[in-house]
Each structure stands twice: as structure tokens, then as C-alpha cells.
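Okay, so chain A shows up in both of these, paired with chain B first and chain C after.
For the complex of A and B:
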């Protein structure tokens, strides 16, 4: 597996629960290659979000090892984890999570400001990303003025603008109607092909599943296929 | 730099919530600076008046003289030192002879201090030239407060009684030849001004004085046997103390105002950190460290004071400038402080005052913003992203 950019070995994730522990993920072994368009598919509560968060360095495994882009997640400092996310990982959430007081432009620009990109490069990258997602006429709008579909497109633009290696999308279509869901998926699929960005979804939505090139089935914290 | 840019965006984006805090804080700025400016103006005016009317450039006191001890005042005079004769002749210095006395205006008795002063002196602003006359009767000059309290007018006569250097009581009628109007109550209330020569004659203390007032504050004041030089620092210390007390009093008032403004910011911050969990989680997911977010929220809070300073400048500068030009009218009753107070005080604003106030408020907002923001460093980002209140 020369091209593996995510490697998980014997990973377990437990949360404290009362006096004992609750095991959210158990004995996970996975490898994701660069350029995949993969989905972690499973019912609610199966541990999909937990898995994505750990891969994305927002959380740490309790046992085992998770290596994302060569970095062992359990051993990263806060600062290094932040840097990894900022440079190489784009997040898309079920509830969009746009910054409410910023315009569409400012939301998409945000990751580039953290990257300390020069103003002219930043502007070009933001405008390009907005164009890919068909948002050019919404530049000045605030998230509150947008529909759900538009919000999620802004979120995709924000994830893609820095041309990350990996995009982690946690149930991105859960709050969208069929038309918007297909729209978003087509765009992401196109970006995957054109830019070779690795996409890792979490979903239990049939509409998403039909676009995936690989499915990882998760049930009660375990990979079942 | 980044946190400044983002904080600015956040505040502008937040709209009304920002402006409410900024407006309240800007009041603190203007009121603190105004309050201090009025005190400064008053201080300067009071000093100026005291120098012109009462203390001159400094005073030589006869070594026994203590203005607060009525019992020794009558023993606190001696011959004017030879070395001062030239300065007195040149109006660089003027002698004052002080003694107690009693007057009976309208038949009522009142203890007073008799001040002998040369009618042609040019050291104090008191219009002593009115005392120049050749008649044998006692001519006196009094201040407007003294005149009002005793219902005296120019031309009125009243009996005056004193004890001369030989412990002998003597009495005579005195005539009011002038009433002067000064902001300095000390030279007015309970004081009678008489020509020096006249008083020396009354007390049988020819050529003696209690103090010598110099005109120029820069004068070289050599040591003279039997006399103690009192400089401005000494002579103005009572006033400095009162101004300091007024300052403390004023401070309490605007500290409360400032505390209210800071509380509003603190409150906004605490609320923000609860309400904006999802935002915080998202920012962390996008690659900010938790400490970067703490810094962002802290800068955001502190930036209220910058906005407030700008707003305060917009309406405060014209307002304060207008008042510095037209003066701040003082109520008549203000006289009872015993300090020289003009009808209107012209506030003075120094750059130090303005920048000092801005700096102090900036630091204060920085602290009240940091304290709640510090909590962010303990936030769990995966919960925050979901908007779970932690």
C-alpha cells in the first residue's frame, strides 16, 4: 500500500461513562489510499463521527495507532494537530458550521488567513473555489441569508479552497433535499477526479452511497465489511 | 495580526451587540477625561488665583508665625530685615503685618485678622491703592464675602478694637474705602486690609512685619536669620490635598461607571463563549489552536475599548473642546470648599491624561476579556463542533 494516506491499526476509542467505559470504536484496522472517494457507512451511533474526528486529529484514539498523512494522531501536540488540519484536511459537517457573522467570501477565506497566504493569492483561491461551487453571486451574503444547499456548498468551498489532501465529510447531505444532495455530491465527485483530493464520508444516506467508489461498513463501533 | 483582523471582522459582523458595548464604554472615556479635565482646570485656576492674590512667588515668614495658631499671631512680627529694603523699594517684595482684632459692625462682634499692606505694592493683585489717603482715620479694604456677611458697603464706618504691642487695648472707627472681588476666600473671609504704616502705628510696631511676599517665583531666596522661606510647595499643600481628595471622590464615581462598562464586556464574553461554541469548534477544526481562539476572543473584547476610544473621540472632542472654550459654570455654593473657585472653570486636557485613560481602559478590557476567554482552552472541540454546551 504505497499510496496509503490514512492507516489505522488496532484502534480502540473509549469514552468514560459513569464509573466504567463506553467503547465507541473497537479493533479498527483500515487503510485509505490517496484519491479515494470512500464512505464509512453505518447507522446512527455506530461511531462514524468519532472515527472521522480521530482521523482528522480533533480527537485521539484510546488504543492502537492512527496515521494521517504520516502523522501519528495520538502523539501530536495541539499545535501540530492544528497545523495538520489547517494545511491538509478539509472538514465538512452535517450542520454546515459556517461562521455566522462572516460573509460567504470571508468564510471561504478563513482557512487561508490561518495559512498566512498573501492577499493576492488568497483572493484568487477564494474566487476560484466559489466559482467551482457556483457561488459567485453570493459572495457578500451572510450564512443566514442562504438556503441549506447553498450553505453546504459554501462549506465545501471552504474545505476545498486550500486544496487539501483529504476532505472529511460527516453526513454532508443529512440536512439536504434530494436535488441539493445530488448537486453537492456531483460537485465533490468532480473535484475528486479533477484535483485527486481524497474524500472520506460518513453516511447512511442511499444517495451518497451510489457515488462512493468504496464503502466501509461500520456497526456498533466495529468494521463489518 | 491575524487575531486583530479576525476580531475586527467578528465585532463588525456582530453589529448591534458590539455597538451597545462600545457606546457604554465610550461614555466612560468621555466622563473620566472630562472629570479629570475639570479638576485639572480648577487646580490650575486655583493655583493661579492663589499666586496672584495670596502667596505671590513665595513668602518669608517671621519664625514664630503660624497661621493656624491665633494665640501666637500677635507675637509673630519683627523688624523687616535690612537686606529686603531694596527689593521692597523695587516692588520685588512686599511686607505684610498681621494681628488679631475685633470689629463691631451693626453692633455685632466679630474677630478678624488685620493685615497691614503697603498701598503702593505691586506684588499681590489686591487693589491696595485704595488705601492711599492722608486722613487720620483708619481706612480699610475688604473682600466681597466679608462685605456681604457683615452687610458693609463702601463708605460705611464700624468700630474696630485691637491690642497693641504693649498689651494695651485701643479702639477706633474704621471706614470701608474699597471692596474687592477675588476668587480666593482666604484673603477675604474674616480679613481686614489696612495700610501697613497705619497698622504699624496702631500696634506700635514701627517698621515691623509678619511676612514678606516675593513677586517672582524664580527669585533666589537666601536664608535670613529669624525668617523662614516658604515656597509654593509648602504654601499650596493644603490645596493640593483638597484637589487630591476631590480626585479620589471623582474617581469613585467613574470607577463605578467603568465597572459597569467592563461588566457589560465581561458579560458579553461569558455569553459569547457559551453561545459561540459551534463557532469555536469550527475554528479549531479549520486549524486554529485553542490558544489562538483564546487570543482571538481576548483581542475581540479588548477591541471594544479601541472602538470606544474612536467613538468617544468623535463626539467627545467637540464636546470637551467647546467646554474648554466656554468654561464649566460652578455653582455659588462651591465657595464653601474654601478653595479659590472662579465663576466658570476652564477644563484642561493633557495628552498624558487622554492617553493614560485610553491605556488604562484598554488594559482593563483586556483583562475582563481574557478571564472568560481562558475557558476556551479547556473546550473539547468535537463537542463544540456539534454546538453542545459544555
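For the complex of A and C:
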């Protein structure tokens, strides 16, 4: 049996809207195995971000069960959820979300500061991650001095630096041109193969789709294929 | 992590330099205002105490009804006995006699014909009497513009404006015309030996200063005085202490049936100084309140803007597994740091300016021409223990409160909600 690290059963997510409720996700059943390179594909507003946030323990399901790395997301306390993210999940955002006052090196080092790690180990991890993404010559730059493609590579390095089990990437190529989009996907695909990290994307970008090993189609909060 | 956050704090001027600057400015202003108000009002009170009110003052009930009249027929008689009593009852206090009186001064020419004439207020103070204790109390040495302080009976000082108006100089003769304690005509020749300027319009406009004994003689006030001024041993006015003494005295010596019985007033019961004292307390209260209020709002806004600017960072920190509580706590720690620095700089700068104003003072005499109030015309700040923390503590607290208010928004929001906002 394949090793399932994300299991979703009969999940529903509702947001309060005026006096009633708005259903963002409905009757989701999914299982994602370790080492997959999966995309959640759907138009804007279909619920992709919501789904990733719940899997990543930044949000909770309204009904049903979501199990990420053996933890039931709906039952986690704030601190336990934080710990799960801290140890095992890397996030990549559409808008890179780099910290402008820190150097590339410091941005990548940041997630390791929460993990109690020795300074020498930390340095090695950061330099490794920067090398995977071809950023070794940008170590001292600030995000403001980088191109969009370079920024997103820094963001990938930051997500990868702690060698998480899962990387959740919310429309990572939406702000990139074709060349940079291909570039970044090739790098992530390589990392997926070499390090066996599970990648879960959300996207509606055609360019991304060719790299995926599996597609989950989402429409109006429902899985349609 | 702490080092990392500090690095960010220092590099991001919107989070460090600008808040520190605004706190410093607020704290500086508060410190300066407090020292300034305390200095001016304190000087005013001290000035009044030295020249007119004492810390306490004994007069007759009748005299108290209309002190401005300075009526010598309403004087206290039997001063020596009363002074003995006062010294026995309140041995720590310093009791001195003073006579204030009204009249005319007449300047004759060589042939004895009136050259000029004008109304005067006479001050009978201790120059030759009581070891010249009023020389220091009224700062006579400093007030001298010409001539010398009287060294024998019959010598007087005249205020500079009056001397100019009457066209007299040191060494000229002057004749005082008035009425005695018993209502008969008083007339006495004096030599003007000095010209004085006190820096207070009430005294500089038209005063002559003579020795207390001379005043007693001229006005026929044997063993009598118009006022007995009392000074607390500390030399500083203390309203509670003064009131206690006055109540004690009045219960023993004052008789509401007898209008010539003595009555003791405190400084605050004279010259409207009570409202001045209350004003001083309330103004300092208002400064602090306004400061905390205004600064909290300013810092709240700085915090909000800073918080908005930091959504990315906060979202990221949540994503990499810091809990909301930890993020919020660290924001508060940062604000403590910012508040400390801002308040410290502000207090130092404020103290610097206050010190300048305390030593140099600000001369506003040209703006005070027409006042007859007993106030000095050089304004000085006064640094008190309160000055050191009046800005510091509110500066620190308003920073923390401002950040806490701003941070609650972040704290209360759902993590997912923060992320949605982060995306836009």
C-alpha cells in the first residue's frame, strides 16, 4: 500500500457570510501519497487556497476529517498546529512574501531559527538550499535587488531549507513569466525526485500542469476529477 | 530568533527610528512643560511668599477684610507679646514683622519748594532691624541699581521707575506724607541712598523701602505692625503644614467677635494663590493625561501601519510555525524596547532644555508692562524629581498600549484570514 501522508474524508468548509454561510469546499475526499508532485487545478475562487490552508493547519475544516502527517487538523490546538508547520511543512506563496529588510541568506535562515539547531548546522543547511536553487551569488542581496524569478527561488529555498515532508505552494508561478515559471518548476521537480519531498500545488497555470504527476481538478469547492 | 528580530527592527526605520522619534518628541515636550510650569508657578509662589504673603501671615481681622488698603489704623498692637507667643507655639517657624503703608512722596528742590510729587507704597522691612533679615529674603543686593543699602535710620531706597518719574537720584532728599496709626498727619524727611529694581511691576512702579523701625516711628506704630509673616523651616511652601499651623493659631488666638484680634492666613488664602496652586496640580495632571492619550493614539496608528507593513512577516512567521501568541508577545517586547529608547532620549533632551531654561531663564518683562500682579518677569523652568519620570513612564506605557491595541487586530484575526489579506 502506498504511503498516504494527507488523507481527507468528507470534508466541508464553510465561511460565515452575512447571516448565512458560504460553502467554500464541499464533500472533499482525497489521499496524497509521500513523494507525489500533485497540483490542485481550478479557476479563481474554486477553493484552492482554502484547501491548502486547511491541509497546512492554518485553517480548520467545518466538517469531516483532514489528517496531515498523522495529525487530525480539526483537533489540533494552536500550539500543536504551529509545531506541525514548524517541523514538517514548507509554504510557498504567490507573492513570494520575502522580508525586505533581511538579506537572501537571512530570509532562508529564518525558518531554522525556530528549530533549535546549532549555528554550524544552520549555516550548512542554508548554503545547501541556496545552492540547490542556484542563488549562491545572491547571498548578501536584499529582496528588493532581485528579479521576480530570483525572489521565488529564494522562497523555494526558504521552504526547502528545513527539509520538510510536505511543501505547499499556492500558485507559485502566477507572478512569473514563462521562462521563470518553467525554471522554478524544473527545480522543484528535481528536488521532489532527489529529496523525495511531497509537493502540493494550487494553480490554474497551463505551464505548471505538464510537470505534475497528478492533477486534482477543483470547481466551485468540489473535486471534479 | 531575538537577534534576528532585533536586526529587522533596527534596519526597518518605520519600526524603529520613526516611532522612537515621535515618542522622543512627545516625551521631550512633556518633560519641558512640566519643568516649565513647575518652575514658573513655583517661582511665583516663592516670590509671593518672600515679598507679600509669607507662608503664613498674621494680621488683624479688620485688616484682612481689605488688605489692599494697607490701613495702618488696623494694625496689630502688642506685637512683641504676640511674637513671643508665636515663637513659643511654633518654635520652628521664622516670624518677621512688616509694615506696608500708602502715602505721598514729595521731592523738594534746593530752596525747599516741591519739584515733583507722587503716590507711593511704603515697605517697612528688616534692613537695620532683625539683623537685616529681609535683605536676603527680598534679594536686595541683586535688586540694587544704584547707591547702597541703608545703613542707618532715615535712609531709604526707591524703585527705579518711580525715581525716574520723580527725577531723583541717589543722595536726594525726599519727604514722606501720610497718616499715622491714629489718623493724624505723618511727615518725615528721608535721604534716598539707593535705587532698586525687583523685576516685578508691582514693586518697581512706585515703592519706597525703609527700615521697619523707621516705619514704626513715622506712622506712630509703637509696638505695632501691620503684618507678621511666618516662614516654614524648610523654606518651601507646604500647604498642609501651613494650614495646620494657621488652624491651630486661629483656634487659640482669633476671636470672631473682635475685629482687632489676630488672624492667621496661609499663603494659599492670599492673592488668589489657592487657585494658582490648584492650577499647578491640575495642569500637570492634564499634561500627563493628554500626553498618554495622544501618544497612545499616535503610537496605535504607527503600530497599525507597522503591523500592516509587517503582514508579510507575521504571516510568514505563522507559516513557519510560530504561534500567534508568540508573535504578539514579541511585538510587545519590541515596543518595550522602542518605548524605552524613545522615552530615554526624550527625557534626556527634555531635561537638557529644562536645564537651559532653569539656569538661563526667559525674560518676558517687555510683555508684562501693565500687570500689577506680584509676578517675576524672568521665567525659569524647575527640574524636580517628577521631571525625570513624568515623560518617561507615559512614553513607555503609551508605546506598549499603542502596540497592544494595534496587535489585538492581528491576534484576534483567524490565521487563515491573515493569509487572505496577505495575498492582496
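Everything below uses one rule, namely that the second predicted complex is superposed on the first by the 223 of 225 C-alpha atoms of A that agree within 3 Å, B and C clash if a C-alpha of one lies under 4 Å from a C-alpha of the other, contacts with A are read in each partner's own complex, and residues count from 1 in each chain.
Note that a residue touches a chain if its C-beta (ideal position, glycine included) is under 8 Å from a C-beta of that chain, and two chains touch if they have at least 3 such contacts.
Because the structure is a prediction, the values reported are computed rather than measured.
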When chain B and chain C are modelled together on chain A, clash or fit: clash
Touching partner for A:59 - first (chain B), second (chain C), both, neither: both
First, second, both or neither for A:93, with chain B first and chain C second: both
Contacts of A:116 with chain B and chain C, given as first, second, both or neither: first
From 145-153, 163-171, 271-279 or 361-369, the chain C stretch with C-alpha clashes against chain B: 145-153
On chain A, positions contacted by chain B and by chain C: 49-50, 53, 56, 58-59, 78-79, 82-83, 85-87, 91, 93, 95, 97-99, 101-102, 106, 110-111, 113-114
In the complex with chain A, residue positions of chain C that touch it: 1, 4, 7-8, 11-12, 312-313, 315-316, 318-326, 414-416, 419-420, 422-423
Complex contacts: residues of chain B adjacent to chain A: 2, 5-6, 9-10, 12-15, 278-279, 281-292, 381-382, 385-387
Partner chain C, residues of chain A touching it in the complex: 49-50, 53, 56, 58-59, 78-79, 82-87, 89, 91, 93-95, 97-99, 101-102, 106, 109-111, 113-114, 170
Interface residues, chain A side, partner chain B - complex: 49-50, 53, 56, 58-59, 78-79, 82-83, 85-87, 91, 93, 95, 97-102, 106, 110-111, 113-116, 142, 158
